[in-house]
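Quick one: the structure is below, and I'll ask about it shortly.
Residue numbering begins at 1 within each chain, and the chains themselves are lettered A, B, C, D, E and F in the order written.
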Amino acid sequence: MPVVHVNWWKGAGEAERRQLVEEVTGTVSRLAKCPEAAVTVIVTDVEKDHWGLGGKLAADL
Amino acid sequence: MPVVHVNWWKGAGEAERRQLVEEVTGTVSRLAKCPEAAVTVIVTDVEKDHWGLGGKLAADL
Amino acid sequence: MPVVHVNWWKGAGEAERRQLVEEVTGTVSRLAKCPEAAVTVIVTDVEKDHWGLGGKLAADL
Amino acid sequence: MPVVHVNWWKGAGEAERRQLVEEVTGTVSRLAKCPEAAVTVIVTDVEKDHWGLGGKLAADL
Amino acid sequence: MPVVHVNWWKGAGEAERRQLVEEVTGTVSRLAKCPEAAVTVIVTDVEKDHWGLGGKLAADL
Amino acid sequence: MPVVHVNWWKGAGEAERRQLVEEVTGTVSRLAKCPEAAVTVIVTDVEKDHWGLGGKLAADL
């Protein structure tokens, strides 16, 4: 049942997302004591010009 | 005032989103006892290679 | 697989949430062409003093 | 530490996002009494045909 | 139409939320070129023992 | 910079959240190639009577 939203900068590829989903699901299912099949992970790649950090666009850092 | 975020797999078209918004708005406004005009629905189409289910990318299932 | 987040003002009770989940799930599963069992709905009751509308706290309206 | 998600209609450009991030970060850091460096702002541009308002797609309004 | 979610640590009071809503709404409406009445801000106070930073619970920092 | 939101059923305690934050941060920082200090994890415990699964409240399952 757990639902995980990961927001990160665009740049990671499919291999990284696959590994992310595998590891996060393992962690969450073990700690939530639920089957892995019940875990959803949604990954959002955000462009650096849509991400603000410290008052600036990350694209400007 | 209600705000609804729908995350689903890419694939549904504009007709489905139009119907989704109409029906969800009707349900929510009736149950929240607020005007339909006050309901916002944001639909996010997620690629299957950005969606994890049961520890795997949905694109790999 | 669809994941729906509903944010609304505190006030609706369990009966309304039960109905909300039933109707939204029916709508989403039909339009996404997925089984009802695959639909998750997370309902968040927000206090009016944590909700801003038109530049004011809803609690002040 | 604060995390701000802004969802709005596609249309604003990079200059508007830069200004948004600067002003929102200033407001939040001052009110949360935390350094500006600790504030994250994530901006999501939503197409009008993915945004429902009053039961209709914004694209149809 | 813009919808803003602010997540921050529990601690700020109603006066800070009122100011937050006023200022963020002003910024967003000006940059999105929409009326202030169209802006929604949802504020979520998060306990430090539900917030992770740098791999630790903020409550442990 | 990554921001992770975990929504799960109320029930896990502080020890589980501490472990969740540690492991998820390790995974995300390694795959995003960013320092652990840059990772934020926000954990939301959701009551079963606010969580819909398969058209029913989880509290009714």
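In the analysis below, a contact is a pair of C-beta atoms (placed from the backbone, for glycine too) under 8 Å apart; a residue touches a chain by one contact, two chains touch by 3 or more.
The chain lineup, named per UniProt: A, B, C, D, E, F = Tautomerase family protein.
The structure presented is a predicted model; accordingly, all values stated were derived computationally and were not measured.
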So which of D-F, B-C or A-B matches A-D, with over half of the contact pairs the same residue numbers? A-B
Subunit B (Tautomerase family protein) on subunit F (Tautomerase family protein), rotation in degrees - Cα superposition, rounded to nearest 5: 180
Quick one: subunit A (Tautomerase family protein) and subunit C (Tautomerase family protein), Cα centre-to-centre, how many Å? 23
Whole-angstrom distance, CA centroid of subunit A (Tautomerase family protein) to CA centroid of subunit F (Tautomerase family protein), is 11
From the mean C-alpha coordinate of subunit B (Tautomerase family protein) to that of subunit D (Tautomerase family protein), what's the distance rounded to whole Å? 19
Going by the touch rule set out above, which residues of subunit F (Tautomerase family protein) reach two or more other chains? 1, 3-4, 7, 20, 24, 40, 42, 51, 53
Between which chains does touch occur? A-B, A-C, A-D, A-F, B-C, B-D, B-E, C-E, C-F, D-E, D-F, E-F
Can you list the residues on subunit E (Tautomerase family protein) that touch subunit B (Tautomerase family protein) in the complex? 1, 3, 40, 42
Subunit A (Tautomerase family protein) residues touching subunit D (Tautomerase family protein) in their complex are 7, 46, 49-57, 59-60
Touching residues (chain side subunit C (Tautomerase family protein), partner subunit B (Tautomerase family protein)) in the complex: 1-9, 11-12, 16, 19-20, 23-24, 27-28, 31-32, 51, 53, 58
For the subunit F (Tautomerase family protein) and subunit E (Tautomerase family protein) complex, residues of the former touching the latter: 4, 14, 17-18, 20-22, 24-26, 29, 35-45
